[in-house]
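Order of writing sets the labels: A, B, C and D. Residues in every chain begin at 1.
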Amino acid sequence: MKVVFIGDIVGSVGRDAVKRLLPWIKDKYQPHIIIANGENAAAGRGINAAITRELFEWGVHGITMGNHTWDNREIFEFIDDEPRMIRPANLPEGSTPGRGYTAIKVGSKELAIVNLMGRTFLPPSDCPFRKADDILSELRQKHKCILVDFHAEATSEKIAMGWHLDGRASFVVGTHTHVQTNDDRILPGGTAYLTDAGMTGPRDGVLGMERESVIRKFITGLPSRFQVAETKWILSGACVEIDEATGRATKIQTIRVDEDSWIAS
Amino acid sequence: MKVVFIGDIVGSVGRDAVKRLLPWIKDKYQPHIIIANGENAAAGRGINAAITRELFEWGVHGITMGNHTWDNREIFEFIDDEPRMIRPANLPEGSTPGRGYTAIKVGSKELAIVNLMGRTFLPPSDCPFRKADDILSELRQKHKCILVDFHAEATSEKIAMGWHLDGRASFVVGTHTHVQTNDDRILPGGTAYLTDAGMTGPRDGVLGMERESVIRKFITGLPSRFQVAETKWILSGACVEIDEATGRATKIQTIRVDEDSWIAS
Amino acid sequence: MKVVFIGDIVGSVGRDAVKRLLPWIKDKYQPHIIIANGENAAAGRGINAAITRELFEWGVHGITMGNHTWDNREIFEFIDDEPRMIRPANLPEGSTPGRGYTAIKVGSKELAIVNLMGRTFLPPSDCPFRKADDILSELRQKHKCILVDFHAEATSEKIAMGWHLDGRASFVVGTHTHVQTNDDRILPGGTAYLTDAGMTGPRDGVLGMERESVIRKFITGLPSRFQVAETKWILSGACVEIDEATGRATKIQTIRVDEDSWIAS
Amino acid sequence: MKVVFIGDIVGSVGRDAVKRLLPWIKDKYQPHIIIANGENAAAGRGINAAITRELFEWGVHGITMGNHTWDNREIFEFIDDEPRMIRPANLPEGSTPGRGYTAIKVGSKELAIVNLMGRTFLPPSDCPFRKADDILSELRQKHKCILVDFHAEATSEKIAMGWHLDGRASFVVGTHTHVQTNDDRILPGGTAYLTDAGMTGPRDGVLGMERESVIRKFITGLPSRFQVAETKWILSGACVEIDEATGRATKIQTIRVDEDSWIAS
């Protein structure tokens, strides 16, 4: 099975990139299942119902989230009824709407998806390592092909999670830093690993936001309203091939397409 | 001028990688100047006099540091007398030993080097943006070719610095996260930029440390002694070409060599 | 000289407490100068022109601020023209409106006021210790009586500042945690010290905000809109006596009045 | 029932204060049960078997801990066999030695003790609010008199916990900041509350450590070895009276004794 994962989609610039590039991605990578991180899809802050619908229409099969899950309050109205949206699983049971893992079936292919959030340099949450253990031991009774989006800041926590799940997940992909890492590899147990998929959004901002405001904030400390930058786009992600008989990844390659280079191609 | 920058060297595994690969790097990239980050060279914590000497002997021309600068107390004995060692410049003037920027001359080529440290998710220090302004306005009176190693955790702060210095530095390279990023580019003003050069050290640890201890620490919270992992190595860095007439970068390429692939080559 | 300092005034509940209690405070403590921290005076977030005017009308002579200085954007319109408002001094020179220290004269009494902000668990700023050194060496050429409001989170940083300034300031008072500490004392060099003056605002909230929202946020992690609690008030502060010939404090006592006990008295 | 709680005992200076003052405390407050926080008892870092024994010999009936629980590795040898030592309860089940709550019986009086740790500005742990709910619903089946030591940094988190447990615990006392707060009160549901009990240790250090080293570290950022200060002592704590029929607190008073004033008395 081939799976494409698309990193944090930021604002309309990021959504436009997804819309334009998905046909090309389908053609080039021939993925059976496409998953995208949507925590910044609505103007950089959360996601809403219309955008969710659009992403599914364009060909995304599942949407993972992160620390910005609740930024747009509209999500509370539909997350419980949208089985293809997955928010971090290590949030309080009972009080957190939505689901932290699910299985997505496309034709004859089925992929389990887990979303977890890190704790280093991020707000408190339940232990992602122990939560991963619980979820994977349940999922692995039925599934061999499992993707984990570990939404985290610190490279130490992400790499530790990759090794912790090696042999139990097919693909552990990091999100949140909005910068793709150049460390794609397949760990000895068969888990494809990438510390961060990178961002899909404005190429010339800072994490997708207007760079002047962000720089001014760093220098002056004065309050700034951050808006999504209106620049050319970049699309970032990865394609992984999974042996369905074993759940082991056999290939991982990063996807990094920038508006200029793509037009040229 | 061609410059090779080598990311955080971790322990003896990282030093061995540097020693073995430098001849190959010199041959392949033909660099005029080689700079390396050495903040983890001594068993993962700081650097000492013997290791410093070795790195220079093998062909490194300048060593930048970071938040681990002072981990090995031996550095206090020699840093003031070692003009080729550069520690973060945005530390308190008056009380901080060593220098935060310098110029390194190799044959007819001269490169100014600046080391700065971020403040997001790191201990307090002076503002790296304003400090960069001060240093660059001084350096640019004499130098066109300037490399800035911005040792920082947050991608937002690093990207903001890249844009802040675009047109004023030849190369802004991030260090500290120990994971190479896949976002090498030349910004419109002529500054080569890479969010993180990545680590040169044990490939199968967590940031170079034994992964079992790190994972156990994340899961149990109990105290752990972290030691440099004894695994195969990875060497990470970048090569940049600078037009000496203007100081503008004309090319940037990442370097990522792993023990297995190198032996194969 | 007798000085009364009033801790962080929170919202209309806190302002009401100040208005009602100031006559009683003047009567009981006979202060020559009254200083209050106003960073939360406008609905918990910053301050505005009308509230500033009111506080001065009621008898406050100077207003210090903190990390919430800029929360209400109206402040940018008047801070440069209001010499009795003091925001943290260790903010970037050049780009920060307002002033970080001043002298306030009431009748024949003159008190220099300095506002500084901590860096532990707070956003980056310039070093408050070195900034204090600079300001005090300037102020002490003209002034003996000096009050420093050190707006900081960590007890370690606040106590360190108290000792650092012992013998150079008349009174080092902490603000920001909204809980009065029971450690008022006069240090050996003659500096009155109190780790935190405490809050002047709703007694039964959490730091002055509605407690249900805050507790829900801690438990669920879901977004919450925090509003100032509508409960009975508490007024917190301290009274210090300073020997004007030497600048040394001779007495410090905490002020803690709660709506119930005050009505009773 | 009368309960005395003694705040974080720091090093030999703190232990000496406990030894000397316990007879006076017993005489003055007539407590049935004495609990002390011991996380800094061994040279400021953790506790060991000999010190634990001593504290019990002198009359302490139970010892609570905090983020420094494991600093002295000796604790791993005896914590499982010492039922009167209580470490934070919201640590991972299964992998954490010791217990997070217990009941201590002295004569005919029985007090349940819970130790919890905050998450704001502290390392990740399980949610202390939900953990408190679980433990209290168990304890309250058998116990009316319950003391909770909430070891936390942020005043917001501590006050929120006080209100969260109001009516379910007899006494919620904060520890960790080493500065006693002046906000002792009985909440409407009958829970005695104090944000921080304060430190029992060297009066003239910074949180009990030598102040010169701490100040130098704040100013220079250079590494410092912190040692317990050799100064006069302060003992900090609180005495609470609990109605055993209901578990409601009827009185709370802070205890703050300093070597000078005590000798004088």
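The rule is short, and it goes like this: a contact is a pair of C-beta atoms (placed from the backbone, for glycine too) under 8 Å apart; a residue touches a chain by one contact, two chains touch by 3 or more.
Note that the coordinates shown come from a computational prediction; the quantities given were computed from them, not determined experimentally.
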Pair with more cross-chain C-beta pairs in contact, given B-C and B-D: B-D
Copies chain D and chain A - interface residue numbers shared by over half, same or different: same
Geometric centre distance via CA averages, chain D-chain B, whole Å: 45
Where chain D touches two or more other chains at once, by residue number: 92, 124, 127, 130, 219
Residues of chain A touching chain C in the complex: 70-71, 73, 91-92, 95-96, 123-125, 219-223
Complex contacts: residues of chain B adjacent to chain A: 121, 127, 129-130, 153-157, 159-160, 163-164, 177-183, 195-196, 198, 206-207, 211, 214-215, 218-219, 254, 256
Chain A residues touching chain D - in the complex, by the definition given at the top: 92, 119-120, 124, 126-127, 130
